[in-house]
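Should a chain be cited, it is by its letter among A, B and C, assigned in written order, with residues numbered from 1 in that chain.
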Amino acid sequence: MILQTLSFYLFASICVASGVMVISSRNPVHAVLYLILAFFNAAGLFVLMGAEFLAMLLVIVYVGAVAVLFLFVVMMLDINFTELRQGFLQYLPIGALVGFILLVELLLVLGSWAVSPDAGAALVATNATVGGTTNSHALGRLIYTHYAFLFQCAGLILLIAMIGAIVLTLRERVGVKRQNVGRQVARRREDSVVVVQVDSGKGI
Amino acid sequence: MICWNGLEPMVDFWQDYALPGAIIVAKIVAIIIPLLIAVAYLTYAERKVLAVMQLRRGPNVVGPFGLLQPLADGLKLFMKETIVPAGASRALFIMAPMLTFILAMLAWAVIPVDAGWVLSDINVGVLYLFAISSLGVYGIIIAGWASNSKYAFLGALRSAAQMVSYEVSIGLVIITVLLCVGSLNLSRIVEAQKTVWFVIPLLPMFVIYFISALAETNRSPFDLPEGESELVGGYFTEYSSMTFALFFLGEYANMILMSAMGAILFLGGWLPPFDIAPFNWVPGPIWFALKICFVLFGFLWVRATFPRFRYDQLMRLGWKVFLPFSLFYVVLVAGVLVAFDWLPTP
Amino acid sequence: MVDSLNSAFGKAELATIIPELFLAVAAMVLLLTGAFIGEKRAVRATTIGALFAFAVTAVFVVMMPYGDSGRVAFNSLVHVSAFTAFLKVLILLGSALALVLSIDFFEREKIARFEYPVLVVLATVGMLVMVSAYDLMTLYMGLEMQSLALYVIAAIHRDNAKSTEAGLKYFVLGALSSGMLLYGISLVYGFAGSTNFTMLAPQLTDNPEAGVVIGLVFVIAALAFKISAVPFHMWTPDVYEGAPTPVASFFAAAPKVAAMGLLVQVLTGPFGGMVGQWQQIIVFVSIASMVFGAVAAINQRNIKRLMAYSSIGHMGFALVGLAAANADGLTGVLVYLAIYVVMGLGTFACIIAMRVNGKAVEQIDDLAGLSRTQPLVALALGMFMFSMAGIPPLAGFFSKFYVFRAAVQADLYALAIIGVLASVVGAFYYLRVIKVMYFDQPAARFDGMTPGVALVAGSTCLVTMLFWIYPASIITVATRVSALVIGG
């Protein structure tokens, strides 16, 4: 148990610390790298909770794909972020005030938090992981049966996002030579080579 | 009694932490040392294979048949000076090769060498492998960016796009295997191939996996990130000495890793090809090693044979050929499994 | 394993979502058709295909047997009833008419893309899902599906700074509202342990915990954003102005119906026990929208911005019916939405017809003297303006009449009085448009209407003018379906 507790505090503190670094580091590339560190430690926390499937998904999807694209974009953008931050301090007081108010409100809500007496009965997925199955099985059962409709809706949303990205960015450029593999393969010798008997000194 | 009270925690500590800890460390060493030796001799094997295919002799000076060549190379790199370019992001510059190397080692924690011979037999082993291999891109991106050099940066950008693209098809390939197994556990995947290796029913997926693995490890014909004829040395243009060596080792360790993954997913891991004598006299780890060598030879063979892809061709292959085809195959496999009621029972 | 899969997709369950299913499949077919036929020729084909799909879907919606309590499917994620059918038909009508308005417009602006009808269809699928939501998660899914498609089509004129600005603004603020919605949902879930409407309703009673009230406020705020009610309206004028006019006309109709229907269902369903809590919020939002919509529109020169403020005001009026929180109020909301869709699309049809020498114009001054150059268009637009102002015997009068009557019945006298005053103020700017058309010196002559636009303008104008002959047509249906929601 000590080991688990220690790991928890290790993951949690690194996660929070790198979260702070994400917003405070001067270099955007460093910020993204800290973000990755934060994801990683969050995955570690998932593992500690026994949600290994989620942990791996977090690493694969967020660290392996999303953050790579973040990094990709941030590296290629030639934006002087220090310049962008020039006016930052100017807005700090009002930002801090809003943050403070939100914090107080959150504390008020959480302080008086109550759970409905019937809440336990309403839960759907309490016991999904118990009963000897791994949590990928349990998740799969829930997603593909109980929440199948939502799962399909989510797929449709992704389709819309894809169409949207293409609509807004794809440009048909004219005058670009494109490789057409089908045509290349279909090209035969007779179509492109002509054997000519040329008399010397005459040319074609 | 008093002294018992004082001693008991010590005994607990010894039994609960120190001993298991020592065992784990020993296991790790038992995996890492052979792996490092394998990496060293993979470089040797590569040179020899290339040499034979090109009608040369290959390394043959240092030691008998040049067998000590990898050690000599390692020593040479170790003795050189590490140069950090001016304007480089120093910490990241040093970190990148270490990251590449560590990730390549880290993945071996879940690779089963034989039934039960695995450091950590986790339920989501395949996902872990996939996750670790998808992290490999960071070493390259960070190296490219931290070098503060155009060539390195271009190489890094290429590799980021390339690896993300081919990860997608690898993911779908893994899904087809998972559909046939019904588990994400690597040992279970191997055991599911007792009757028939997956390479037979899923041959097209194995081909896609192999080609994607080439792209994922930046091997030729997909070695554009380092493409020396256009980008000097690609993402490791600015690296020298041990930092370079770590990249190098990482790349070869990744090759072995991808081969091991291929062997587990498609070639039945430690299982013999036929469960009859004399095949099953040979211990599992040997079979596993043989299968890894078989796939690795494919890597080297391809390098000796094919010219480098152009970047747009590479992207086209990944997105327009592999992705639709492997998606189709996922649907096909799932459909066949459901239609014939062959779904594995978890 | 196989058995459990089959049980999740029982035939009866699938039959419940046939309209959504059909429309989603139609969208994918249209997408493939467009991709294979090629950009230029596909636009007309996909538009007509989408219209056809809307029509078939509407038939599915109407033909489905609902019974008195409606049908629940997919483990209570979806619920359809005659009430949702009413809203769905309205949504499909709005989407279809807006799509008709887009025919030829994009070609003339040289931004025709076959994805536009596809995205409109997908947005409509999202709206249908929203309306059928019987779980907070379904609600969110539908809302996102609809919003994501709307963000894209707001920016569909991507080489135009205003259009991209509209898309971006809508996206950023929409993402913010989605965040609020999720936060609110999570608070409610944290209290009740469920997101299902049937499970929530008995647990959310009068005299709730502070956290639940905050959750309710967040949910209402997010939905108010979608119907562009004050104080969550700031995106509306910019988006209406920046987006191409057919897109703005689409925004003005169907999404408003869907979001309003959703708001009604959420507040009367799971939050039905908390009337005391949400009624005051709705009353405030309603008053603020009516007053702001009336006052802020006065100074507008751009007719699309004018329509944006007008839509804010109209949503305020519709909310009056919801604030009444009784069956009559609900009837009022439904009638209001139906009439608003017709009037709004008619007005936008007239706006789309505002073209001089092939270029679209959108200033109110461009309408000057329209009665002499094109009397029919002027008449139609005039009718719409009178109707929006609520002048009897036009349709707009009836819509306002029903919501105010409900408010009075619910003893919300102040709300009704402020509403009437706001509509008097609002009448000022509607009448100003008429004054410009009929009494100012003629400006440049507009090009002729295209058949599609003329069809929409003509038919909606007829409905608006002749509604008084047979108002019972809609009102009896609305009364019957709203009794299902609040009576049951």
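The rule is short, and it goes like this: a residue touches a chain if its C-beta (ideal position, glycine included) is under 8 Å from a C-beta of that chain, and two chains touch if they have at least 3 such contacts.
Because the structure is predicted, anything quoted here is derived from the model rather than measured.
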*Which one of the chains is farthest from chain A, going by Cα centres?*
C
*Which two chains meet at the most C-beta pairs?*
A-C
_Just the number, please: Cα centre separation of chain A and chain C in whole Å._
32
_Inter-centroid spacing, chain B versus chain A (mean Cα positions, whole Å)_ = 24
*asked:* Can you work out the whole-Å distance between the CA centroids of chain B and chain C?
replied: 54
*asked:* Two or more other chains touching the same residue: where does that happen in chain B?
replied: 346
*Parts of chain C lying in touch with chain A, wherever the complex brings them together*: 4-5, 7-9, 17, 24, 28, 31, 39, 73-75, 77-78, 113, 115, 118-119, 122, 125-126, 129, 137-138, 141-142, 144-145, 148-149, 151-152, 155-156, 158, 167, 187, 190-194, 196, 199, 202-203, 209-211, 214
*For the complex, which residues does chain A have touching chain C?*
105, 108-110, 112-116, 118-124, 141, 144-150, 153-154, 156-157, 159-161, 163-164, 166-168, 172
*Residues on chain B engaged by chain A in the complex (per definition of touch)*: 17, 92, 122-124, 127-128, 130-131, 134-135, 137-138, 141-142, 145, 153, 156-157, 160-161, 163-164, 167, 171, 183-184, 312-313, 316, 346
*Flag every residue of chain A that touches chain B in the complex, lowest number first.*
3, 29, 33, 36, 52-53, 55-57, 59-60, 63-65, 68-69, 71-72, 75-76, 133-137, 179, 181
